[in-house]
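Shared between the two complexes below is chain A, which has chain B as its partner in the first and chain C in the second.
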Partner chain A sequence: MSTTAVLADSTAAPPAAAASLRRYAAFAARRTARALIVIVLAYVLVFLVLAALPGDPISAQLESPQAGYTDAQKAQIRKFYGLDQPVLLQLLISLGSALRGNLGLSLSTSQPVTTVLGDAIGSTLTLATTALALAVLIAAVLGLLSRLLGPGPLNALVRALPAAFLSTPNFVIGLVLIQVLAVGLGLFSLVDPDSAGSTLAAALTLAIPVSAQIAQVLITALDESAGQDYAEVALARGLPPVQVVLRHLLRPSLLPTVTVVGLVLGEVLGGSLITETIFGRTGIGTVVQKAVTAQDVPVLLAAVVLSAGVFVVVNLVIDLLYPLLDPRLRGTEATR
Partner chain B sequence: MTTAAVLSPDPLTATRPLTRARRRPPITVLLSFGVIVVVLAWSLAPGLFTRHDPAVGVPDDKFTAPGAEYWLGTDHLGRDLLARIIHGTASSITSALIAVAIGLVVGGALGLLSGYLGGWVDVVIGRAVEVLLAIPGFLLAVVVVTALGYDTRNAAIATGVSAVAVFARLMRAEVLRVRTSVFIEAARLNGGSSAYILSRHILPNAVRPVVSLAILQFGVAILVIAGLAFLGYGDPPPASDWGLLVADGREHLIRAPWLVIAPGLVIAVVVLSVSRISSWLDQGRTR
Partner chain C sequence: MSILQNARDTQGAVAPSPDPSLPPAPLLQVCGLRVAYGDTEVVHDVSFSVAEGSALALIGESGSGKSTIARAVLRLLASRRARVDGSITLQGRELTTLRDGEFLALRGRVLGFVPQDPGSSLNPVRSIGAQAHEAAALVPGARRRADREALVRTAFERVGIEDPLRILRSFPHQLSGGQLQRVLIALAILPGPRLLVADEPTSALDVTVQKQILDLLDDLRRELGIGVLLITHDLAIAAARAQAVVVLQDGEVREAGPTSQVFTAPRSAYSRALRADVPGLDADRFASVRAQRDARRTEGTLARRPGEEPHVVASGISRTFRVGERDVRAVDDVSFAIARGSTHALVGESGSGKSTAARSLLGLERLDAGTLTVGGRQVDPADGRGLRDLRRHLQIVHQNPFTSLDPRFTVQRIVREPLDLYRVGDRALRAERTAWALDAVRLPSAVRSRRPAALSGGQRQRVAIARALALHPDVLVLDEPTSALDVTVQAGILEVLLALQRDLGLTYLFISHDLGVVRQVADTLTVLRRGTVVESGSVRDVFTNPQDEYTRRLIASIPAHGRTAVAA
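Let's turn to the complex of A and B:
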């Protein structure tokens, strides 16, 4: 469509623009529907995996001899939690009420699951966004250095750092940061996990492995752009190298970089489990950990699907932004 | 900084002739192989590398800093840390191998079917892979290990499950790449059956990038399993899986930081070596 659309644009702009808008809307609607289906299927998958769980706190409580429930009472309590139904029926009931916004009650605290998650999500979102921002910053510095430093040991070091970052377990990074920054230098207090210093250290723990993946993609993309003719032309025109890198190499490298930022979000959300535990924060990660210990299926299910949902939605937004960011992709969205 | 450096495809190798890089593996790759050999030896015959007992300590020597007697120091029971690391190797390495095997076999088979058969099979498998990719990998592993029960073997299975999608996606892409080649068409025109074409033509051509991914995933699996062990979802103490050693050391971080740093470094060096070997194999393919 590209050439005809360009021609049409110059002569009769409104119809072409409307058609392209319609096509984009259809693409957006299709992608959104697909993302919603993925979230629902993730719910189903996690539900079925957890249904294989041998025990749950309700049954454990009911069967314990000290509790002294009569058989009728046991049956009544099981019925209240829907545990007397076959698994598939339980799934349908649970999915149905989840779609209406009711995630059920926590088996260990009897609080609504939405309350449990609502209390925790703010802390995790703060942590995750700070971590992503730090990761992008670190990756950008490494990427620019990989281009601006000439060949030599320093450049080799910059290019080797991402692999080293990726290979170090995040719990070791977190514990070393605590040891050095909090215990050694006294930069933040271990008592208040929500202080700015502690949050930054926790975010750095998450950011270091994640920045490595972003940096690897960015460095590869920059290397590729550097081999293009337009980069050589820009240098031949006498532009200083810094400007060539920033204006001519960085811009075409942004698209793959944005893609990988969306993908590493999954690792940030998964990694929050360990990071929040180490830094004593109360977030989705610690909610998951407590739910695992207590075999609290409704909370675990909701927390995992919530993380998957955040991941899917952010990546959906990135997908929808592509055609707006890159003119070359406009018009091709219909085929995806 | 020279202007040429900004434009060279890769400032590190630009000055070196490509042929030399190809003939002999770089020194970092040789070192990485060395690390892997040491780790394999540790897991096969731990007793040869340490004379200390990993489970019984000398209480008088507790919290000894790294030195001549205890190379990596001792823990709160006076147990030699190096002995514990060496004896924990077999479990850490085996479980990572199990995880990769599960991901490779299940994911590879799914990707192969999806790419070769196409149609509704591709749609169904593609959607399942999409769902698996949507759940953050570590959380998926935690969910699976919760359902299976906490021990190292189950942590390995859970890690394998969380790697299935990555293998399926790569295998499918490779099959699609190979499937349209002229020699596949020729084999089909010669009357080759689907099974024959899959096993003799498609699989061998798709296998190299998948092997490189498998090696990379071996490193990832070590990290994930160590994370699960750190959270207590693996074998309980006195097992000495690497992740568990860090978790034990965490209690004494301020008094004896080596209890965290030494096993942490061992994990990092092993994973780094594995990923170096994987990327070296990958480069060999693209050159």
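Let's turn to the complex of A and C:
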């Protein structure tokens, strides 16, 4: 064990590394298991809620006199979709095949649900991840500027921006960006919604209000760290103020910031629906919108569980980050 | 040492060691210093100087401006929008006119800082090693990794850190306050500063650790010729550790001079009052009140009947907590007895089990073994009704008056609350009792309709005592009742408590880490260490003839204990 290794700013200390790694692995395994249970429970809950809704497109079509199905045909169609079974049995069958990767057929297009979502998910994921990355980037810049700029009008502006971002509606930002970037400056084409420029503009629309929430938490956390004794002591030790911010204030502030990133994810997913409409993109938002109109239960179920799954996974990642960010959380109740 | 010397020599800006034949030139000279926050000036025309290799203590109570002065010297007030006027020179160089960039070169390298609370002064999410390495990287000339490691190693050795490799791997929350303060001192001396500003360096530490840290600062001052600006509220520490003192009150210098002169013949009334209130300097401060109490206990209504059982008895109490995977015996077979109308002290450092023992008496802890009786009745945490009855006769005063009072209630409401809870009498009687309790603690009537935020620390503690008195209890558990207060305020509170005991015949269980205070107020004491009884007996016997090594160490660490004869 050389001093060299000791002095490195490592999050996991080498000598007790094996034991602490084992502990961390056990913690990660427990959290992952819990996350899977949550996704399954989400599936069950959404299934039951959708089953409890009055009517479904099949019944509507079958019962309509124009369709002119015979009773035998009706029974056959119901049997094909499994609707002749009790709801709980339907749930078990549906859950069983979902676990095997088969999400059933869309009621309106008869395509497999996996295909319907698969076509749309790429576009939405690109949009959402770009937006989240942009939001974090904007928040980080605002947060650091709030500490690095000395007191003055510029600092006040940086601190006022998040509130301004938050209070501007999504569609206004989107329309302004289209007007300025596409129509005014011609930076991207309005015809091709999947071009990089258009994607970036859409992501920015989504990112601005979200970044505001992250920035507010980050700025508050940085201010709080700055008031701590260790910040003053580091300054008194001769560390340049910029380094005090980067080395001493930033990391303790990451904990609440990362937490809020997990929370705003819902906003990114929800906001993508509006943004996709503004920018004419086909994504999960469009698919969900169509599915709601058509009462396409299998597609709805899959889309909702997918969103829940993304939420659970991101929050799992954040949970797993906590003990890495703050050594005090290692081996405590919070990391059981 | 040689590395520290080298590090110092690599920067030309620092003056060479003083020629011993010349009188020591002042290392730090502060002249006509004024500090204002907005329109409010908090430091008025303060001047002093610190010589090489000597210590100057800035003494004052909270709000006296001593920490503001320290921060003005270190230029740490910038973020607080403070205005600093006057002159601060270091080694003959004017600091106030330096630009921030120029001042940065002095920070750490010439001006070292030892903070007040070691527990919050290192970054909690970074290892000690990372922070030590960062400090070493600031030393000019320490460009190679090996240089930095040597610097860290030397500094850690110099401050007596045992097992440095383990410490370097640790995070702050894994170390004790004493270890952390050693680390912080190591980081402060690592670049070889000429002046250390120590802001209450030991007020957050246990007494025995306090002594070790102060000894360390003394050694560093002598061996490395470092000047020390010691900020303290504790006169006893100043008396024992500094060559010169400056007594501050409300941002003004009340008195200044060599320590021996200020302490033997204080010229200002404030210094005299301060000195009289230091527990370690005057063991018999409350002798007359206690004599009156003893007179009343032998005759009259409060007289003890011969052969009377002790009022509070703990016999063989034990309490074990499970921490992670191991059992910690917080209290292990502890016994003590308190005669009616007397004061028994539970003495010990943090983790000694004194608070757990006190909580057990209130029925807040389930005991693993042993019994507690108050007035002949056993305390049983499972018996809710019995506990309710018990607490009518047994009340507690907590350590921290800043958190133990509900901020939304007025003083009167706070004191009346126990009467409301126990449905004592009617409105008129409750009002009368409230007024009586507030009179008993001598709280001015002007503040009785205010809320805690508008009160000083001492006034708040008086409110807490009044609240405890409202139900006419006969036993008070006093859990470090004055440790959060300034000495003059502490003396006032202790005086009130002793007068109440004299007049009402109260029985006190006095929890404290401060043997100086215990000697002033207690009749008997039990010394606890890691949950077990180390020594017990009458205060007089234990102080004149301590049997245990640990007790001797505790007594030796009463600040200024050894100087009593000189100072008195």
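Worth a mention:
As a working rule, the second predicted complex is superposed on the first by the 299 of 336 C-alpha atoms of A that agree within 3 Å, B and C clash if a C-alpha of one lies under 4 Å from a C-alpha of the other, contacts with A are read in each partner's own complex, and residues count from 1 in each chain.
By our rule, contacts are C-beta pairs under 8 Å (C-beta built on N, C-alpha and C of every residue); 3 or more make two chains touch, one makes a residue touch a chain.
Since the structure is predicted, the reported quantities are computational estimates derived from the model, not experimental observations.
In the overlay built on the shared chain, the residue A:Phe171 is in contact with chain B alone; chain C does not reach it. By the document's definition of touching, neither partner reaches A:Thr126: not chain B, not chain C.
Looking at the shared chain after the overlay, A:Ala163 reaches chain B, while chain C stays out of its contact range. When both complexes are overlaid on chain A, the residue A:Asp229 reaches chain C alone and has no touch with chain B. Look at A:Asn155: by the touch rule set out above, it reaches chain B but stays clear of chain C. In the superposed model, A:Leu50 makes contact with chain B only, not with chain C. By the document's definition of touching, neither partner reaches A:Gln85: not chain B, not chain C. Here chain B and chain C are compared by how many residues of chain A each touches, and B touches more. Counting contacts by the rule stated earlier, residues 151, 226, 232, 235 of chain A appear in both its interface with chain B and its interface with chain C.
By the touch criterion given at the top, residues 1-3, 5-12, 14-15, 127-128, 130-140, 142-144, 146-149, 219, 223, 226-227, 230-231, 233, 243, 246-247, 249-250, 253-254, 257, 260-261, 264, 267-269, 271-272, 275-276, 279 of chain B touch chain A in their complex. The touching residues of chain A, counted against chain B in their complex, run 37-39, 41-42, 45-46, 49-50, 52-54, 146-151, 155-156, 159, 163-164, 166-172, 175-176, 178-179, 183, 223, 226-227, 231-232, 235, 241, 244-245, 266-267, 269-271, 273-274, 277-278, 288-289, 292, 295, 300, 304, 307-308, 311-312. By the touch rule above, chain C contacts chain A in their complex via residues 74, 76, 79, 81, 104-109, 111-113, 115-117, 120-127, 129-130, 132-135, 138, 145, 148-149, 152-153, 165, 168-169, 171, 173, 184, 187-188, 191, 324.
Residues 1, 3-4, 6-10, 13-15, 151, 226, 228-230, 232-240, 247-248, 251-252, 325-328, 331 of chain A touch chain C in their complex.
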